[in-house]
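Right after this note come the structures.
First chain A sits with chain B, and in the next complex the same chain sits with chain C.
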Partner chain A sequence: MTYLRRSTPLHAARSSAAIAWCAALVLAAFTTSNPLVVATLAIVVLIAGAAASVGRRVTRSLLLSLPMAVAIVVINALVAREGLTVVARLGNGGPFGQLDITAEALAFGGEFALVLIVVMEVAVLASAAIDPDEVLRSMRRVSFRSALTATVATRMVPLLALDSRRIGDAQRCRPKPGGRLAIVRAVTANALDRSLDVAATLEVRGYGGAQRPRRLARALSRHDIAFFCSAALLAALSLAWPASFSYYPTIEAGSAVHAIVLAGALALAALLPFTQRRGIER
Partner chain B sequence: MKVLELRGVTYTYPGAAGPALRDVSLEIAEGEFVVLAGTSAAGKSTLLGVASGLVPHFHGGRFDGRAEVCGMDLRQSGPALLAAEVGTLFQDPETQVVMGTVRAELAFPLENHGHGPVAVARAVEEVALALGIEALLERSTAELSGGELQRVALGAALAGRPRLLVLDEPTSQLDPVAGDELLALLRRLNEEWGTAILLAEHRLERCLAAADRVIAVEGGVLACDAAPAGFLAWARSERPELETPAAALIAGLGIAAPAPAGVKQARAALRSAGLLPEREPPPVEVPPPRRRRADPAAVLRLDRVWHELHEGRAILAGISLQACAGERIVLLGRNGAGKSTLLRHAAGLLKPTRGRVQAVGRVALLLQNPGDYLVHERVAEEAGRAALEQAGLWHAAQRHPRDLSGGERQRLALAIVSEGEPPPALLCLDEPTRGMDRAAKAALAAELERRSREGAAVIVATHDPEFAAAFATRAVLIADGRLIADGAPAELLSGGWYFATETARVLGGHAGILTAAQAIAHLRPSGAVLEPQS
Partner chain C sequence: MRRTRTIRASVAVCVAALALALAGCGLGAGTAPGHVSLLVTRGFGAQTLISNPAPKIDGADTVIRMLERNAKVTTAFGGGFVQSISKISGGGGSAWFYYVNGVQAGRGASSTRLHDGDHVWWDFHDWSQADSIPAVVGSFPEPFVDGYGGKRLPLRIECTQPSRKTCSTVEGVFSQMKILASLGCLLCSAANQSLRVVVGPLDTLTSDPAAEQLTGPPARSGVYARFTDRGRRLELLNQDGHVVTTAGAGAGLIAATRFHGQPPVWYVTGTDPAGVSAAVQAFNTQTLDGHFAVAVVADAAIPLPDAER
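Presenting the complex of A and B:
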């Protein structure tokens, strides 16, 4: 979950535009209940990941979320009681009563799992493609010290991971490695030492007397405009023109044409900003 | 105009038995380049802490006396206020970078001081150009090498154009090339920007030539405050371990000239005494290292070892190397050349992606940070009595390992990895002399020599050519994961610019001489006192 600097339109957009676009995708996933639209969004985020040169990461997040998605479908099928179309009777489930698996519960679980997949994909895409320094810099105007603490904590995580690996290697070099507790103690003590060093650095960089930064007036780039417009369009489409789909007590799908058109429009709105490749630093 | 003025400063850390600084009075004027010299724990870092305001504001403790930094009273102004006038750079580059990208890192101190976005952007561009790191501006700080990180940290310290720059052994983790580049940069800043520099450094031979003044600290007291030549004369009589090789050479030859602060002055003194060897023609092309035949006495054999990163570069690219019992090998090369990886392969911490590693007997590896080995509450729990006695640490058996000095920690870690039966057939040490003073380095060299006499092969990766010359019987140079030279230290450490001792640079690589003692024996066999020729 670390930021990867790449030469892509999403990376070139300012953080507020990129965040707005990611938030609009999540909003679209939550406002629609149509599985076709949500599945389209999941594919759109995969394509966006590839266009942002972080496709491998987004695909990995999809694979990691699959077991969780399956678990959601299974659990929902076992606990949901609202559906009427029974597809399997599992008999008496003890404290859970009669276990009847319904098509409605399976479909609702599947749709909810798809939403979860979209959210995870978007989260990974955002962490890989939105500069955290820029996000925190913009947040600093709201709460300087909280944002800075978050920055430093973010910086400490890989540092401490590196230290733990180093201490682990050193222990492997000992003829008699120290016990697990002793190693945990050493890692903790080392983390405290590191924190002190970083705190000293913050002091000599003037953190103790830090002042609220002034606003930076920056002209909107073509990528900023494209992602802001895309976000607005995604939000408008998903809020104003949702594709209806209800699961309980029986599955009631709205117009298929409506769902297909909406899915196509959302995909187009989300992916169009990636076609603009001018003004991207190499 | 003074940038630092101390009057009778005495300072004691919280819980310490005695003061770290005692009645220190000194002044540093604007534009001065001052080097702080002294053995480990002499009080150099504490003095730097006073200049940056960390002492007493960050560390606490008892502070007596008066200190003014750039006209600000230290009692009223903490490090954050002083940071507007004082830039600070510590030893460890990793803990000095707090932001995610280089641009954000350089902007950070300026934003803290409330500069506007335009001023910040301009200052960031300027400091990046001045330090030659403009190509790094958009890079993530997590991707940078040690040398690059140290430059970025220096950039952050300089971004606000401070009047005083305080540096605590900034080159200790850098290879000779990066170290020399950093020192050249400091010299330029001092000359062109007029920034006063206060630099603590153990390897004095690297920085005295640039210095206007040298202040020696001993036991928290100022022992000497003089121009470099005066300091070297004082060191010769009072603290020989602080004397540079070039100064020892000129004094040892009995040349009646001021002690030289650097190679240029030493060469001039030798020339005036008629002792500077004729400039030798450039060496004929050195043949590439030949593949040695398998030696039956070898305790380590690396056969065309590759270490290739997944979707990344090759850290080791087909290295073949063998080490025999009793050999003392030094591995040289720039940061990232592959030295540490090679040692990890030797110790079995890594598996080669191609090639073969064969070790006969036990391999002990001491990694860069000896503190990583120390996990218990008492020294006695870390190693057995015999090992502690051999390391000269039995007296400290009941102390906490983290309370030991740097040299003692190093000895303890060495005792830990080499403890047990059978004793290690191969001892590998990765950068063991970082932050060590000369006395501690000499003690370590003697200890490694003792172990090699007892039959162990020793391999040391180091950036310190002086230590390499004192310790090694064989030198290996690595670049980009390839072994590019393998021979006697006299061949390898005498002819180069960076991987050469100061004596070798003074003599221009003459006769493979590496140390002042060798040079004195070679140039003045008669023992006559030499006067400069008019």
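Presenting the complex of A and C:
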């Protein structure tokens, strides 16, 4: 949990608006099969990350997603049999049959890898720019106990990490330090003890008999409206006007103009809310 | 020391490259095989959907890739399984099966490479009675011309009554096609890596375990006909496995099957010598073309499974 409230439009928007905006970006990445549009979305999320002052973290997500993307391209090229344009023959692969690398399988793997990159970028952006407490608070009316459990659990993670560091430090002071397994065992035992304490505390404070809380009325801010509208526009564009692109059996691209216009429209729709700088202070 | 290492590394790279080349690896689509033909049918060859004597091929295509170039195909499982051809989808006990040179391939279509002269036959049929039909006669004169799996096999005609005219007639059919065949008695050859054409009444084939399959259901032989009453009767079956016609004296059968993974064996047989003669008369390309097996009853060739219900 590394959320830090910053002075940006995305941080200023309520969590439901920010989640809807992130979900719309993911939806757009999944509904289109045009690589130009997906690549544009990947760049858009990087720009959005920079505009939300978490650009470095979003860029760092590429360190994890790029190797996975390469793996997807390679595996798809080896496994898919649907393409017709053979670019390399790897002979008989035993149980895998004839290993022919086709241009179509490489292109499809590349597009799917781009989608993965977008999803990971959006996930990192969401974790860095959406207040987790607010998300959990908004879940109280849906399922109070689940929201409470999630809140307590997320608070326990850094506590347990701190425990493990302390125990590790103490262990290193001994003449014969134990292994990591000992630390894991100690931290697990601590976690169970703590969970009992937390459960007892919650019961004493009357959380067990808590009712569904009332809705907290809060007026929509200009940023809420901007991100909700952006999300709706992204969803509408990607669902109602998808750029056609088929990979198998041969690559058939739809209208290039359509794809360029759609990519531009999606980029505009996604980034416009960030131009609103008023009222972004904490 | 460094020079020795460099030489070793170079040799290793050369050996690896040579191994890859020998394994059929390479850049690009490779060399296209010649004289390949494509047939797409349904109902055991009853209805022809596509008959293309010169289909489009690009490089060292697999069977499925050639099909995709020449027909509207949908696939499943990453392109390894044909779901539909020409909008005819599998399901409900029917599916697409393929035969190369009249032999059902033991591997998926995405694993089977095409070779010169291959006759690829896709058929959509009911598999409730026989989930595997190991060999069919409808690609004649294949597999005798180009073999199967890219390998040509010698042909051996085995006659149970060598002195009869039927044996020489069958030999004549092959010699007209310039296919070399050796004549011999039933199972006289020690080598079992040859294509066999067995000619003779079924009651003289009792020592041949592959022929014994013809007395069983289609699930055993892959043939929608069976001999009963010690080979004196021939029952013609429909695709549901029901007996449609029972023929007695003078009935013949031309069918192909396999026994325990051995090369295909063809039978030109009948209920008696007259039945064998009738089958021999029908042993030609025109009669066999596009059929899984053919029965001859009262001088009429009946494709199997029998379409009558």
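Please note the rule applied: the second predicted complex is superposed on the first by the 263 of 282 C-alpha atoms of A that agree within 3 Å, B and C clash if a C-alpha of one lies under 4 Å from a C-alpha of the other, contacts with A are read in each partner's own complex, and residues count from 1 in each chain.
In this text, contacts are C-beta pairs under 8 Å (C-beta built on N, C-alpha and C of every residue); 3 or more make two chains touch, one makes a residue touch a chain.
All values derive from a computational prediction rather than experimental measurement.
Participant: Classify the contacts of A:V79 with the two partner chains as first (chain B alone), second (chain C alone), both, or neither.
Facilitator: second
Participant: Looking at the overlay, what does A:W241 touch: chain B (first), chain C (second), both, or neither?
Facilitator: Neither partner.
Participant: Who wins on chain A residues touched, chain B or chain C?
Facilitator: Counting contacted residues of chain A, the larger count belongs to B.
Participant: Between chain B (first) and chain C (second), which does A:N190 come into contact with in this model arrangement: first, second, both, or neither?
Facilitator: The answer is first: A:N190 touches chain B but not chain C.
Participant: Tell me the contact category for A:P132 with respect to chain B and chain C: first, second, both or neither.
Facilitator: So A:P132 only meets chain B here.
Participant: Could you list, by residue number, the parts of chain A that touch chain C in their complex?
Facilitator: That would be residues 79-92, 97-98, 100, 248-249 of chain A.
Participant: Can you name the residues of chain A that touch chain B in the complex?
Facilitator: Residue list for chain A touching chain B: 2-3, 5, 131-133, 137, 140, 151-152, 154-155, 158-159, 162, 166-167, 169-176, 178, 182-183, 185-186, 189-190, 194, 197-217, 281.
Participant: In the complex, go through chain B and note every residue touching chain A.
Facilitator: Going through chain B, the ones touching chain A are 52-54, 57-58, 78-81, 83-84, 86-88, 90, 92, 94-101, 103-104, 108-109, 111-114, 116-117, 138-142, 156-157, 160, 344, 347, 349, 364-367, 369, 371-376, 402, 416-417, 419-420.
Participant: Would you pull the chain C residues touching chain A in the complex into a rising list?
Facilitator: 20, 23-30, 58-62, 64-65, 68-69, 73, 75, 78-80, 107-108, 110-113
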